[in-house]
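Notes follow the structure.
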Amino acid sequence: MTTQSPALLIIVPLISAILCLLLGLIRRGLCYPFVVAVLGVSVILSFDVMGTVLNDGVIRYRLGGWDPPWGIEYMIDHLNAFIAIIIASISFVVAIFSRKSIEHELAKGKIIYFYTIYLLLFTGLMGIVVTGDVFNIYVFLEIASLAGYALIAIGRDRAVLASFEYVVLGTVGACFYLLGVGYLYSVTGSLNIMDLTLRLPELYHSKVILIAFAFFMVGLALKIALFPLHVWLPDAYTYAPSTVSAMVAATMTKVGAYVMMRIMFTLFEPYFSIKLLPVTTILGWVAAAAMIFGCIQALAQTDFKRVLCYILIAEVGYIVLGISVGNRAGFTGAVLHILNDAVMMACLFMIAGAIYYKTGMRHIYEFAHLHKKMPVTVTCLVIAAISVVGVPPTCGFFSKWYLVLGAIDARQWFFAFLLLASSLMVAIVFFKMMQTIFFAPAGESAHAHIDEPHKEHKHSRDEAPASMMIPIFIMVAGILLLGIFSGQIVSTVIQFTVPKGF
Amino acid sequence: MEVVNSIRPILAIGVSLLAACLILLTGERARNLREFWTILAAVVKFSIVMSMVPFILDGKVIEYTVFTIAPGLSIGFKVDALGIFFGILASFLWIITSFYSIGYMRSLNEHAQTRYFACFAIALSATMGVAFSSNMFTTFLFYEVITVCTYPLVAHKETPEAIKGARKYLTYLLGTSIGFQLFAIFMTYNITGTLDFSHQGIFGEARGVVSDTIIIVTFILFMAGITKAAMMPFHGWLPAAMVAPTPVSALLHAVAVVKTGVFVVVKVVVHLFGINLLWDIGLGTALAYFASFTIVAASVIALTQDNLKARLAYSTVSQLSYVILGVALLTPSGITGSIMHIVLHAFGKITLFFTAGAIYVAAHKTKVSELNGIGRQMPFTMAAFTIGAFSMIGIPPFGGFISKWYLTMGAIEANQLPIILVLVSSTILNACYFLPIVYAAFFKEPGTAHHNAHAPAHGVAFAGSHNPHSGHKLHEAPAMMVVPLMLTALGTIVLFFAPDFFLDITKIALENVTGGK
Amino acid sequence: MKERYPDVTIETVCRLLIPPIQLFGLYVIAHGHYSPGGGFQGGCILGASFIMMFIAYDIGEVKRRMREKLNTILCATGVLIYAGIGILCLVLGANYLDYGILHQILPAYPAKARALGTFGIEIGVGITVMSVMISIFLNIGTAGEHEGEPE
Amino acid sequence: MDTMQFIIGKFNYWIYIVLMMIGFYAMIAKRNLVKKIVGMNIFQTAIILFFISTSSKKGGATIPIIQGGHGDAAGHVIDAAQYLNPLPHVLMLTAIVVMVSTFGVALALLIMIYREYRTFEEDEIYETLEVMRLKK
Amino acid sequence: MKFFAFIVVLFTGALLIYGTVDMPDWGDPGSAPNSHVSPRYIEKTLEETATPNAVTSVLADYRGYDTLGETTVIFTAGVVCIMLLRRFR
Amino acid sequence: MIWQLDIMFLVLVVISAIASVNVKDLLSSAILLGAYSFLMCLLWIEMGAVDVAFTEAAVGAGISTAFFIGFIFQTTRRTKD
């Protein structure tokens, strides 16, 4: 079991996706419990892999029994295993959430296909995370992207248009990535990450490598919606179904950021990415711009999910900033922030979904006196918001802590300042929201829709069903516990993920 | 120094958190039970705090680390003399304020009382947290908790004005503490690798490793960040926060919140930087002059205020700077004075706020100019006001005198004659803005009271009629309110005659700081 | 393409061509080891034959030959065959997709077992590609508006 | 001479790059959504062409199917220089599949867009959206 | 807009062309792709997989996992098209 | 490998790509895209990548074009650029 669990990490969801389709053809109701069960197994598997990595060091699993440069291998170190756990756990929790929400937002016949594609999305993300082969990353990136396009397209309003935009830009990103692979291949002849790591240093001054690196970066920046290339994200994640927003927002960008880390610091050595090229400087400024831009845009929005989208853009900025400062603390912060941000974003988007499910409200100005109707949800919202703002003891603080320390270590005072400034702006965003919820004068929200049915019974308590609340609780508990145990997380896992050159 | 491991600090903090939960669960259905929780928690908290006093008086320190996040970065508690001092003060006054707020809230029949009491309890927890924190990080954490959970209290009325004031409050407090204080914490951690308070100051040990410029910058950032102390450029939130119900102003904005601010200043000055270091660099003097400016300027502004609570607020701004001034003098007497001033000002100012609230409840008056002759309607209240005012000014048989005495001594020890001048002029200014009120209340004829229509209509008046026109009949606030304010007024007198208990603790604190010299 | 083409020429030509095309598709799948081709190309050709049927007759004919549900099941079966062979290797004690181990259950030496395993997955790929091509074309070519049970 | 050598050695790549740029331009500049997809196809194909070109070998190399390989003739030594590099071919088979899958999904999305807006012109779609927004 | 796009495209193209400068010449038999990993595929395909077509052996065996991914992509596309387009009652 | 053919195909490929992007009719665009794919396929055969060429012939020139035409029949062939 243990020796094969890296392979099972992919096989289980992949085969389950197929079986889910077949099961659904027999009985539609079976899909949901099946998906939840499978994702539960995946969570266990990912922890198992993590345990192996912690005990025995890096896992190198040779697929098909071929030796690495010829065959494909999984290369799982602490970083992969960590991200894998995040992906699996988030998918699991969001899957629990999906039941009512999907029944609410989707035609009945589509549910089985939805769950199939959900599992395929998970497979794709997991595949990206565990593999140790640059071309294989591309293949699984495409699986995840195709599934993502489809899941976004089944949303409401302009979802299809947004999804199409995502298709175009996502393909450009993937193509750029593929071009990078091609350029790399044309001078090294290898696709395996470890093999490339050995072969690249002598070529560091080659122009081909330079261009390959640039295209990798631009392609991935498109995929993770880094600031100037973020245009597809807000629409896509806003109009997607709530479940999908929660899943995709929490995992897709994180996986992209992971690949970015891999390429910058494993495929190329930190020496190349930091010393030889001004990449980190450029990335740092771009990330800083992303943070500020995301927060400012978030301030201007009224649609709750759109606010979250722009905050997500800012959070991507945080992660990239952590990568780009190029020191231990910064990198730790980036990795920790991947975890925290995944949990926070999943939580917030699920809360948005729960509110939408129960009241049909999407805009913040409609939320007045929501706490009387859904007190528990609002409490969770408050905790998640506090975490996003970065108030201790929630988890959001600790990643920012390391990020700021990293920025200060790198003597980038301005970045440190921007980090704090953007936290403040996020605080204003959520503060506005809270003010509407708790203190809106009675009837202020009436200017939106005066005679909607939910107005009548708005003071009677009416929470979302348990299948939605339990995942939210799990995530809120996660926010608090990850905050408390972030020291342990850093000392047991994250400190080993820091690349050697730091 | 002996270290005792005990979870008592956590209990002291947790009890009111628990109370908050119970209050929320009980809700509006059983009001008596809900308020019983508040009072029970207050009493329990006070007794827990008091149970720690013997250790402190023995020269021991109670420590408890909850968990460690990174080396030098943990959430932990350490009860030393300074902390216990502040803890006793806050938890004792909470008991009194609890009674007072019950009277206040019920007489005015306020809405959302559950939220009010719950937030109050959380705020007290956080205050304890700040008092007992063993490092800058824990301090910061609870500091933010105070800010966030007092926001609903300030915005309690939910009128546009209240929300605007509350927003200003939050903007100032969160903005500066994240923008400056957190930044300073980061720099501190980056420079020294730890945030734990040490009695000699952690920067003192890092001296020589980093340049003085960086230390100065960090210090300034800290000072700018600790806005809760309402130092002059960042004082604006305090008058704005006066839209809150009076008990909130009384306990939080005269004691808990603002005192947390000055308490953090004291801690930063003596435990983070260390007296010796500041003395060497000369930052103390700069801070002292800075505080002096605040003292005078705020007093002058207070003179111009007609709203009673606003006048009290500016008075608070001015008085808080006394504390900072005392610490900034960096002399034993100065520090004693400032620590004593924390408690003495607290008793005095809480009395004054309580009276303001009582006047509002009984007569619905908020302006100074309307108070003519009110002393005849509300003799007990106004007597307490007078005592409080005298204590503020620093007239001998009242507590305020002691701290001013020590402060003056400190200034003399530090050879800072201008500071003495400041103290004197401020005393005169204090008299100028308090005594007219007293005079008007007792000796002026009541004018045309145009607020009688708003007099409380639900028959809670303590004694007397609903007709303020008669002017001579007693028209006090409910006993629930008058008794607490009498108690605190009494407290100021008692403290003048028996300050030994607090002075003992102060002495221990001083020994810790100066290394027993 | 909504109404049926009344053109007898197209119908006849297609009727003549479809069987050889399908046969060729099978040949391409099967002969992938020795000549250009393999599961993917063969699957495409098989799919193309059904598309041709769609063009020559109408959607009803295609659905009569290949019911939609069957198509979906085939679509899943192909991947299942592929992954299943991998699992088989796993069960037999080797790494995932390591067909060499199949010599334990096949009458062949390891290299030959690999070839046979490869052949198995080519079939899987072929099935999937064929049915996916049919399903995409059915849905795009009719904008999803065709009659009948969707499941 | 060196320049000539250089151009002869590299001009193939340049034409691929020109192709890519045509596709890329269509993707980002064309206002018609279908044209974007056409551009996407061209872009991807050009990348595939680029990959294939990395496998090319001058000097008489043939297609990567081992001659005389029929019937278990494992044993005789095979010279790698005689055959083309199969790896890029394999990668590009995968890439083609990805390409056609993306193409199919994109077309499906376009049909959904057409159902809703009855046009593929970006500006007309935005006009419709604006009208819808104002109506609301 | 179109002009801006044109600039972006030209810039990208220029970057790509700049990158080709250090690339091995077209069809160079000694280039890295031709000499590093791939020779083994050609030399050992018969011996190790009994498949003369090296492309097939690499596709389905050496890099079989890629092909599994590829098949999954196709499968995904099929399911996606059904889900997006098929009208359900 | 015959370099004349090589050059010819390359030029034709570029021409058909430009034409397919610029032609003001989607059906023509589809057909030109098919032609482009087929030329590409010839180019690959000429380069020796027979498998890829086979696939491209089946997919790019065959199935893709069929998809595209079916799609255009379902929607519209109108385009402004």
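Order of writing sets the chain letters: A, B, C, D, E and F. Residues in each chain are counted from 1.
One rule holds in what follows: contacts are C-beta pairs under 8 Å (C-beta built on N, C-alpha and C of every residue); 3 or more make two chains touch, one makes a residue touch a chain.
Keep in mind that this is a model prediction, so the values were computed, not measured.
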Give me the chains shared as neighbours by chain A and chain E. C, D
Average the CA atoms of each chain to get its centre, and name the chain whose centre is farthest from that of chain A. B
Furthest chain, CA centroid comparison against chain E: B
A-C or C-E - the one linked by more C-beta pairs in contact: C-E
Measure off the straight-line distance from the CA centroid of chain C to the CA centroid of chain D, and report it in whole Å. 24
Between chain B and chain D, what is the gap in Å from one C-alpha centre to the other? 71
Measure off the straight-line distance from the CA centroid of chain A to the CA centroid of chain D, and report it in whole Å. 29
Distance in whole angstrom between the CA centres of chain A and chain B is 44
Can you list the chain F residues in contact with two or more other chains? 1, 50-51, 55, 59, 63, 67, 71, 74-75
Give me the residues of chain C that touch two or more other chains. 34-36, 38, 40, 72, 75-76, 79, 83, 86, 96-97, 99, 111-112, 136, 139-140, 143-144, 150
For chain D, residue numbers touching 2 or more other chains are 12, 18, 20, 24-25, 28, 53-56, 58, 61, 63-65, 69-70, 72, 74, 87-89, 91, 93-94, 97-98, 100-102, 104-105, 107-112
So in the complex, which bits of chain C are touching chain A? 69, 72-73, 75-76, 79-80, 83-84, 86-87, 90, 94-100, 150-151
So, in the complex, the side of chain A touching chain B is made of residues 386, 391-393, 398, 401, 404-405, 408-409, 416-417, 420-421, 423-424, 427, 431, 435, 438-439, 441, 484-487, 490
Going by the contact rule set out above, which residues of chain D touch chain C in the complex? 63, 65, 69-70, 72, 74, 93, 97, 104, 107-108, 111, 115
Complex contacts: residues of chain D adjacent to chain A: 20, 24, 27-28, 33, 36-37, 40, 43-44, 47, 50-51, 54, 87-88, 91, 94-95, 98, 101-102, 105-106, 109-110, 112-113, 116, 125, 129
Report the residues of chain D in contact with chain F in the complex, numbered from low to high. 12, 15, 18-19, 22-23, 25-26, 30-32, 34-35, 38-39, 41-42, 45, 48-49, 52-53, 55-56, 58, 61-65, 84, 88-89, 92-93, 96-97, 99-100, 103-104, 107, 110-111, 114, 118-121
